[in-house]
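Both complexes below contain chain A, partnered by chain B and then by chain C.
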Partner chain A sequence: MVTATRGYRAFQAANAAVLTGVVLVTLFPFVNIVARSFSGEQEIRSGQVVLWPKGFNLTTYQKVMSDPVFWANYRNTVVYTVVATVIALVLTTCYAYVLSKRELRGRTVLVGIAVFTMFFNGGLIPNYVLVSSLGLRNTLWAIVLPNAISVFNLLVMKAFFESLPPELEEAAAVDGSGTYGTLLRIVLPLSKAVLATMLLFYAVSFWNSWFAGFLYMDRQGLFPVTVYLRNLIAGATGGTDNTATSEAALQIAANIQAVTIVLIMLPIMLVYPFIQRFFVSGVMLGAVKG
Partner chain B sequence: MVVTLSKEVKDAPAPGPPVRRKRRPLRRDWQLYSLAVLPLLFFLVFRYLPMLGNVIAFRRYQPGGDLFGEQWVGLRYFTMFLGDPTFWQVFTNTAVLGALTLLFCFPLPIVLALLLNEVRTRWLKGFVQTVSYLPHFLSIVVVAGLILQTVAVDGVINQGLQALGRDPVAFIQEPGWFRTLYVSSEVWQTVGWGTILYLAALTTIDTDLYDQAKVDGANRWRQTWHVTLPGIAPTMITLLILNIGTFLAVGFEKVLLLYNPLTFETADVVSTYLYRVGIVSGSFSYAAAIGLFEALIGLFLVLGANTLSRRTVGTSLW
Partner chain C sequence: MKLTRRHLLTAAGAATVAGLAGCGDDAENGKEGLDDKRAGAMDGFKAGDQFKATEPLTFSILMLSNQAYPYKADWPFFTELAKRTNVTLEGTAVPGSDYNQKRSVMVSAGDAPFIIPKTYHPQEEAFIAGGAILPVSDYVDLMPNYTEKVARWNLQPNLDGFKAEDGKYYLLPGLHENAWQDYSLGVRADVMEKLKLPAPQTWDDVADMLREMKKAHPDLYPLSDRWSTPPQPGANNLLNLLGAAYGTHAGWGWTPTHWNAATSRFEYSGAQPEYRAMLEYLHKLVSEGLVDPESFTQTDDIARQKFANGKSFVIGVNAQTLVNELRKDVAKVPGAKVSKLILPTGPAGTVLPGVSRLESGLMISSKARESKNFVAMMQFIDWLWYSDAGLMFSKWGIEGQTYTGKVDDGSFQLDPGIKWAGLNPDAPKDLQVDYGFSNGVFAYGGSTAMLNSQFTDEEKAFQAEMNKRQVSPVPPPAPLSVEEREQVTLWDSALQDHVFQNTLKFALGQRPLSEWDAYVKELEAKNSQQYLDIVNKAYERYKKEHG
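Entry: the complex of A and B
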């Protein structure tokens, strides 16, 4: 252990103070938004709400939760997230497994095809033209298909498969198991941790995504809930260039925005303490090989 | 079955040096290749086809018409935007926002990681980490909502200003405040998550080095300077290369959510400009030309930073 000089002890105290500051600054917006969501509109307008609700009421929650559009969009988000995550997980697993076979002919090319897209992509306009001409607009495929494989996740999974002992698969092959059987019965049961991590990575990113829905959905009934929130806050930025949101141009009450924000964050905040370590280990796994 | 048998036969007389790469016939590996078909189709259609789709930057494109445009026009759209003062305005805005983001969002995670590394109380360190990662998990729409509520006229910042006897500021409508809002919220979102790789690198530093430094009479500060920082230098360089490569790819979605015509002067960036020109106004070819230009600059930045770092410090991404 360090001989705690006076200077070092002073540093420890200052360090604790700085880190406490970091924690407070990080948490403050959350506390504030929750306080606002339970406050009266008048109290928010007159700038009284900081850490604790003023004019406590639950009517804003009732109001937002009784809006059928909100629920329709919330349900859309759930459906989009589930479908997209399942498809992404299957495709990523298949490709990562192929890429993890070091002796496979053409493996370098297959890896290169994926990695190159990390550094160069088609860009907004060609993607938009493509999705439109494939007739995917106003379908959930516009959200699911263009983001079906994240190369970062792919590399994380590849690194994991490469770390598995090859003897197990060789033994399975000797027992007459084909590639599919080996993958399903030997490899995947050993990969539950990485599958869970990938599931979370994808689920969170699809849950949070809004731009694809905003870009490709024309009807309110098809929006994910993030676009619902976007239209609320677009009214609040004062002037927007999008014609689709003209009804949102009027100022939406701050407490309604606050409630919507809280309801969108809620599922993630509830599972966050339990899933956080999966994310951290996933990032590190990706960093080793990526 | 046949497939497996032939594998055994092939594998049997192969105890040679592991470096020798066997040629595995397609016939035996077809199942493996078949797993790659759908993913490859994905990359082909949704990644490489749009790259080819950039050809509309050189061709006239009719909305709803041919994916690759109707007629060659050469560099017409490129000369158009290069002579467009708005383009240079948004290009400057992009560069300034990118530079400010790099200036703050690259070093601050290193500082935070070093501070966390000095914490001896385990639960306290874990708690600070858990809290600081939290903003990373939020939708950018939620982040934008939080920013707007915090800086609103009735928001906390203005309450603070009023407590100091100052007039409230409509931050979101002031061009002079946009960059501050953008960069400070970017720090809020990314600083905690950015520490992960550094904290991982810190655990790999050989403790003997610290002991030797102590024998040489180095205090904590000198140990940090001479042992810790060199220990995490490869991570720093890798992340710096990546940061430089994405320098111009400033947060398109965040800007789109936070800007408005009153703040275009400082807030409008290349990606939001091409979004408005292309998708809102329908000048697809013009916008595609701008997008291609931006993507090529990004690619050159990554390659350039990578080459530079390989030549100077011997670390590179590949």
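Entry: the complex of A and C
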């Protein structure tokens, strides 16, 4: 092993310091929210809670978790996210794979059509009218279809497919594999890294999104949980109808936002470690010889 | 001319507006042609009658879902309502957090439910040009309870203020019998007792009271206020109260124009001599160390902490924050008592601003006009939102089930098994959450007896004192045309910023009040005079055309 030069060691130390700083800054709000969610009302109001819960209290957790609307909306979020992510992944992959073929005629036009929507769109009300007249309101499809292809993700994926050595596909063709066979058996298994990235991008964005659900759903039981949370935060800070008087009500008013945020971000954060192992570089190292 | 994208967009926008305005013309047939719209309506429906549709009807409604009591379609409110009126309400649930946005989209897309509640004037103005909402003033003769209350409580001048350039209004507001003054100052009553201070009657008395407190506690600022959320300059409740006492508009009560009845002209509020007098008073309090300079910038939490820890004795208050916040906050200070001051009076005399007598209200979709049940719907709205029985029902529910007694003779009593706000705090059921009554979508406004039924004795005494005061007249209508409103809006934000910034500077002494004339000149340089000319011209025009 080669010993590192002094300059490189200094660089590493500085690097570690800066990155640690970034991690702390990023982590702090999360830790603070978690601490607040377990703390007592008095301690929160007087600003004592920073990194560790003070005046341990679970009243709000009990209250939120016993609310059937919360769980109904939570279930909606899970369903919307899973269905939307699967559909988005399939459509984006197909589109990107096609666009990555340089010999495709009309390729520039197809790319142009996609990129156009990055810069222009019909606007809020025309979109609403469109979704309404297609009869999609109050259905899952109002959330899934308008956001099925993110052009940014599409371009990332296209670039990835273009970087695959064409020899691999030529070899597959020589062995008698058709277009779909090549895509499914050769290209996709080699694209786990980008698929995992896309999965994460899509899942997180669908999980966090609230606007489509808010706009196209007309019944409480159809909202995603993010709409529930948003209303909660507005209700707690607006305060015009805040008629809390009892001890429990004050406790709930103090940290219901923190509790709900923790409950909502938990599952999507747990997804990261499972996907992380696909983020490996160099899977293709040595795939093409000579 | 080179066509840029901006030109195209402007042209497209203008075309859309023209198209929408075109649609609007059809709906403006007025009262004629209602004969085929009477299905389900009652013949000879008059004020005080129980409305009951002659056949089962369903009306769509935009239903704000409040987080404190999320909307449930099976609330006893809805089942009992159907039993009494034969009407089922079909709600589109909208989270309260973004109600206005969804309302905008649905109305603009022509997709709104028939009944669109919880609209605060002047929000409805944005929808008038599109023709999507009904000029309700054309149809109030279908609403006997509404017209009766407007006449009896003398609210027509207030309603005139809601009128658009065409002389019609587009919002059915909640009606209050009396002006309701909720806000005042909260004081530490025990500190006043110890110093043997009498309850202040005027704002000068308040200054004396603060001086005595300062004498006894030289190390602190006796008044440290809250409610400093922008865009207003800060200490917005204090400024609002002072503005009303001096005969101008400030803080929460800020409006750019002030009606001068003596000259029959609108004046620019921020340039009035009254505004200057108010600032002189406030500056005196700050310079003597009676008001915490941080009052204008600190968060509510910090202001409350100062009050809670005995670092201040006076703070802004309303009926709810008195009970829910201040009393709880000072609980750990031995002997501490908080009470709400009877609103002090100023040079303007014992007056209350009259504009508070109209509440948020309903818009009606223009499409409803085409329905064969239109007349029945207007009768239904009249009963539920404007009849005494309907108001009582939406606020307190069902006699014998959720309450007993009457509000008029003071025998009203909420069922002990039901909690509401501070009443029956340990009851198992909640009037709003479990029953759907006292819902902000349906229950607001009403007679003084009705409003009083929800107050504590202490608050009733405060309100009784307030109701002795004279309600100041509302300004006459001066509706602007679309172009005028656009022009005025352009000037308004620059003017308003300047007024707010200088309000703070004058109050805190960063700018001496001797520079007042220079400040008025600065306002004029920002078109305050042109602004007034437009408003006064609109006033004259309206008086000539509709007067």
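Here is the rule we go by: the second predicted complex is superposed on the first by the 208 of 290 C-alpha atoms of A that agree within 3 Å, B and C clash if a C-alpha of one lies under 4 Å from a C-alpha of the other, contacts with A are read in each partner's own complex, and residues count from 1 in each chain.
In this text, a residue touches a chain if its C-beta (ideal position, glycine included) is under 8 Å from a C-beta of that chain, and two chains touch if they have at least 3 such contacts.
Keep in mind it's a predicted model, so treat the numbers as computed, not measured.
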Touching partner for A:230 - first (chain B), second (chain C), both, neither: both
Chain B versus chain C as contact partner of A:12, first or second or both or neither: first
Touching partner for A:46 - first (chain B), second (chain C), both, neither: both
First (chain B), second (chain C), both or neither touched by A:124: both
Partner chain in contact with A:179 - chain B first, chain C second, else both or neither: first
Chain B versus chain C as contact partner of A:21, first or second or both or neither: neither
Partner chain in contact with A:69 - chain B first, chain C second, else both or neither: second
Chain A residues touched by each partner, larger count belonging to chain B or chain C: B
Partner chain in contact with A:218 - chain B first, chain C second, else both or neither: second
Common ground on chain A, meaning residues reached by chain C in one complex and by chain B in the other: 45-47, 124-125, 128-129, 132, 215, 227, 230, 232-234, 236, 238, 240-242
In the complex, chain A residues that touch chain C: 45-47, 69, 124-125, 128-129, 132, 214-215, 218-220, 223, 227-228, 230-236, 238, 240-246, 250
Contacting residues of chain B [partner chain A, same complex]: 1, 3-4, 7-8, 21-24, 26, 29, 31-33, 35-36, 38-40, 42-43, 45-54, 56, 61, 64, 67, 112, 115-116, 118-120, 124, 127-128, 130-135, 137-142, 144-146, 148-150, 152-156, 158-159, 162, 172-173, 188, 191-192, 196-197, 200, 219-220, 245, 253, 256-262, 271, 274-276, 278-280, 284, 287-288, 291-292, 294-295, 298-299, 302
Of chain A, residues touching chain B in the complex: 2, 5, 7-8, 11-12, 15-16, 18-19, 22-23, 25-30, 32-33, 36, 44-47, 50, 91-92, 94-95, 97-98, 101, 103-105, 110, 113-114, 117, 119-130, 132-133, 145-146, 148-149, 173-174, 176-180, 183, 204, 207-211, 215, 226-227, 229-230, 232-234, 236-242, 254, 257-258, 260-261, 264-265, 268, 272-273, 276, 279-280, 283-284, 287
Chain A partner contacts - residues on chain C that touch it in the complex: 65-72, 92-98, 102, 105-106, 108-111, 301, 305, 320, 323-324, 328, 420-422, 425-426, 432, 440
